[in-house]
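What follows is a set of structures for review.
Both complexes shown next keep chain A, but they swap its partner, so chain B is in the first and chain C is in the second.
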Partner chain A sequence: MNHSARRVLSGFGVAVMATALALPVAAQDSATYHIGASNTLQGNGWREEMICSIKAQALSSGQVSQLTVAHRNTDAAGQISDLNDLINAGVQAIIVNPVSPDALNDVIKQATDAGIVVVAVDLAVTEPSAYLFSNNQEEYGYVGAKWLFEKLGGEGAVFYMRGAAGTSADTDRDTGFRRAMAEYPGITLAGEVFTGWDIAQGAQQINEFLASGVPFDGIWTSGIDSTIVDALVTAGAPLVPVVGADNAGFVEQLATIEGLEGAAVTNPGSVGGAGVTMALRVLAGEEVERQVLITPEVWDNTTPEGQAAIAAANDPAIDGTWPLGISIPDWTTYTKDEIIACAGPGE
Partner chain B sequence: MSVVEGTTSSPPPAWRTADAWQRLFRERPIVPLLVLLGALVVLYQVVQPGTISPNWVGSIIRNAVPLAILAACQTLTMLTGGIDLSVGAVASMAAYVMATLVPSQGPVIAIVVALAACGLAGLANGIGVGIFRVHPLIMTLAMSLVVLGLMTVYQLIMVAAGSRVPPEIRTLGGGTSFGFVPHNLLLFVPLAVGIMWALRRTGFGRLLYAVGDNERAARLSGVRVWQVLVALYVVSGLLAGVAGLVYVGITNVATVTLVDKYVLTAVAAAVIGGTSIFGGRGGYAGTIVGAIILSLLTNLLTVLQMPEAARQVVFGAIILAVAAAYTRITSEA
Partner chain C sequence: MSVATATSDRAPISATVLRVLRRNAWLLGLVVLLAAMLLLTRIIQPTYGAAGIDSLARAALPIAFAAVAQAVVVIAGGIDLSVGSMMALTNVAAASMMHRQGEEFGVVAVVLTLILGIALGITNGVLVVVTRVPDIVVTLALSFVWAGAALLVLNTPGGGAAQWLKDLPVGGVFTEWVPSAMVLLLVCVGAVWLPLRRRRSGLALYAVGSDRLAAFRSGVPIARTKVLSYALCGLFSAMGGLALSAATGIGTPTPGPYTLLSVAAIVLGGVSLAGGRGGLLGCIIAVLILRLVRTDLTFLGVDPNYATVIEGLIMVAVVMVGAVVALRRKPA
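Up next is the complex of A and B:
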């Protein structure tokens, strides 16, 4: 919409504006950038939202004429080859959700040496010439754990359901979680498992944990959340406080399940769209910080502010595995309908 | 020779000879499997005293049921010397299509459409394997990619459609009675009995063994092998769909990759259960015990709080050891 409006405006070529606005209009009007994106996990709600956010933001910016997305299930070798393909396709910027912190360094260096802006989103890379836009995962672990420990009055046993072992997001969240634990010495772990961010595996683990009869007072999850609450309800187990992510299914539970106390910690997939904005700002010659880490919010259903945030975000129509943090203020400009439509420039 | 004959006046009892063991493994693979299962339970009791309870047994069985259904796909296809690696994608498709159609179409139509889609995927596999003679490994692996790709597109269309798992599916897949009897047994017991009956007592079942044992001989004796294979892969697709619905009943959240991680576990369950990947030998009873063993093993490794990497190594090593032991013990040489 925006995009075509600008076209029309420039199409009339209003002479009066020419001298005063020539530069900015030209910069905005010419949707000339070719941007590439690379992702290595398909079918995951969070990653799909990230891709849609990249597309929606590229379209909404009005500055991107072409978006090439390499979106498939692959590993480091596959992503290196995807990035090479994007470089050869002549892109001016690459948004990449890296499969590993250092495996891509050579190809990223190659890209930035050629003048291509590389923005890593979600996870960091160690190559210093790349930009980073990500949720602060250590804070993610910390703020949710702190809420839970506070809720338990600083005393109790927590079932700790982590993500995938060895990933940087899981390690960072664990650092935050342990920091909160150090502040609440009365908190112990009733158990610790890696869900691998796999719903079926998380369901199996919680069911086995419930069947084992080990006493627990709260559950911290790394984002496999609504399934855990469902397991508690199905088993008729006590509804202890649960920490999850801002996934649509879990937020709906926080809004609707009687007696459930819980908190959703935001982890927006829209860092993808924010990465597009970051790249466009760098291309426009603006001063941009190398690393932007956004601080996660805590939406807890036990305070009026939290309830308001949950009510505002809750949308039962959205796929239960999509995070509801679908936009990031100052960094994304698309609407909710636009990200759901998941259309990029030229689509 | 004559010396040996002369000195074997008191041969060791039959149960102690390697021959007898081999025969036992070959003809009744379920006996040693049950022994292994019992050993694991004892090990569990030693490692984690007091955990074993009706609740715990129920939870292990509830998790083993969908795995056993997925492993049925492998057992049946492996009997013909094939394999079905598309079951993860197909089962996930059943779960996701069903959940996304429920709000607009209601549960009955949603389930029918989901299973029909699985049947179609199976039909495509069957046509590829049976008529175009594509190797089942390649055909079904490719099919899993096709299904995942289609589902990724479908997911974007349906992302704001709302998805719901109907209470009937949740009760059947994830519910329990008296606190420990999993409802999914209501579905599974008749299904398992049906599969075992079909393998032993029906012409179709015998044809699977015949095709796997010696396809050429089967063809020469008048079997239309391609028809058997097409029907087989359709059945496999439908079974995968049923497994997907049971999984989503447990998780209450459908994704297009929900069941992906269980494909190789299902293959392992069939192999541990004594079905030969070369075809012609095996059965479903062993597979069921194999699925229970793997479900128990997964739980045991979780309880032991092993680091994830070590868990994967141990899990892989145990499967490998059991499979190798089988090959050795049951080898026809």
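Up next is the complex of A and C:
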């Protein structure tokens, strides 16, 4: 009894020592960077693409020895503790998709004070020591809405399917949407719902809306788009103009469904990979602009230019919920296969 | 076994010690588990030290308040699924009151927020008692009401927090190894719970939770005790909401994962979901353990999708071990 217990203990001790010795050696061997990433929403196509582009770019750069990813469903306080964990893990740079522009300021300041490069992607933070690589969300709301209102000839009722209530990406897009509405006084809202960027919820809401019989002339969606078109087709409802994101499934619908008029507004998830490049450039001591904002494009299947953009982008190899902007010129170097493989350094 | 006989032969003092140890076996197990986890973390990440402990305590703060809130209700035989929503509502209420206000007004805002929390809790409790609808249904329904109200107060993350509130959980007391966040938590929970526990009303919480009918026949006021448990839950939830304010400096109207985390923590912390058993200290240690598991999974670079599964499996395993231990002890 005593003997075996001792043997187990000494075995454990050896294992412990081996682990303790192995880890630091591995880190010292390669004179390259340890990078951290933090994200607060799982199971969403856009965010999954972002994570995969971070992994693929870290691998493709050849400068990253270790990538630590904190990717889970959590709130602002949870993201703060994730960022603290990344700081304690000894990373040299952090790519963060911030849950809110203000909530993380203290911990970001703490990181940058410790010499860690922090790059916010997707959404800005108000802490000035952080870098930013993002899509312009207010513009996203504006350009899509403007296209729709123009398409309707400035008159009509629009079903407005927003994102998640209380998130700043949603409120920024709403600001842009309302700006476009102010320019087209003939446009009214047939209804307004929050999909929570959740496919099942969006499907239920469009079906309830169709069943209600409220007349509508167009639909603006905040990224739950192919689901909405599917619902219209299934219900045999009139195919009104639909605005969505550049998600692979929706773009394919724009290219293939007869009689569907719509526009995809680009919102690449590959800003994550671009953020890695940005961080590596800062670490290498290069001059880097503090903020890089990508202006969304409108791919409209009713004009030749839009059709060309859709035909060029449409790619059945990409998961239907992923945005088609899988790479950003000058900022990402991985191939399509690499981002789809979704493997980071050491995987 | 041999240790037990040796000590009981010697003196009654060691027997008392043994009895206390046995009575608090679960708590003791949690402490040992926490110590083992800290050691493991140190092995995984050799630089893990005072800074790590400090961020652990700060990360645990809002969850610990949620767990304590849930524990009080569950001990009294109920369950409150609106903890997360109450935290969101008190968080945005505090944030909008403190927005662009002076530091002194922050004190008023904190007091008002705590009162709001108590009021929300009393509403939960009174509805449970008056309607006789099961606790789980009433509090689930009200969780949507509180979450909606939070969006009415602030439709997007915003507002502010007094600087002193943000500074409260930062740093250490006397030494960097004793995190202020932990001291703050123990003081806040202790100030409410310790005076109450030995009183009639505190004992009534346990009595109602363990056997409602027996408690009623012994003259324990059931309705008042139930409402008290929900009021305390609301109060601790408001402290959790203020902890979110302190951590983030703003108010966030969307409820975080606190309801589920609170239930997980109390189960691991040794509170019986059937009511009447358990304490608050175990729940607090359980929150630290659960946080540390998450930190370790991040350090180890475990695939995030597996990490969630692993967290769940650890919970199940620990609770099952606990159930086996409890069953073994019963016949003796």
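What we mean here is this: the second predicted complex is superposed on the first by the 315 of 347 C-alpha atoms of A that agree within 3 Å, B and C clash if a C-alpha of one lies under 4 Å from a C-alpha of the other, contacts with A are read in each partner's own complex, and residues count from 1 in each chain.
Just so it is clear, a residue touches a chain if its C-beta (ideal position, glycine included) is under 8 Å from a C-beta of that chain, and two chains touch if they have at least 3 such contacts.
Quantities reported herein were computed from a predicted structural model and do not represent experimental measurements.
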Combined model on chain A where chain B meets chain C, clash or fit: clash
First, second, both or neither for A:Q42, with chain B first and chain C second: both
First, second, both or neither for A:T68, with chain B first and chain C second: second
Touched partner set for A:G166, first chain B, second chain C, both or neither: both
Which of chain B and chain C A:D102 touches, first, second, both or neither: second
Chain B versus chain C as contact partner of A:G320, first or second or both or neither: first
Touching partner for A:A182 - first (chain B), second (chain C), both, neither: neither
Offending stretch of chain C which, after superposing on A, collides with chain B (from 24-32, 96-104, 114-122 or 132-140): 132-140
Touching both chain C and chain B, counted on chain A across the two superposed complexes: 42, 73, 164-166
Chain B partner contacts - residues on chain A that touch it in the complex: 42-45, 48, 52, 73, 164-166, 191-194, 196, 198-205, 207-208, 210-213, 226-227, 230-231, 234-236, 249, 316-322, 340, 342
Chain A contact footprint on chain B (complex, rising order): 48, 50-51, 53, 55-56, 58-60, 62-63, 92, 148, 151-152, 155-156, 158-163, 170, 174-176, 179, 247, 250-259, 261-262, 298-299, 302-303, 305, 307-309
Interfacial residue positions of chain C with respect to chain A in the complex: 43-48, 51-52, 55, 58-59, 62, 151, 154-158, 166, 243-244, 247-250, 252-257, 291, 294-295, 298-299, 301, 304-305, 307-308
List of chain A residues in touch with chain C within their complex: 16, 19-20, 23-24, 42, 66-78, 80-82, 84-90, 99-106, 164-168, 170-171, 346
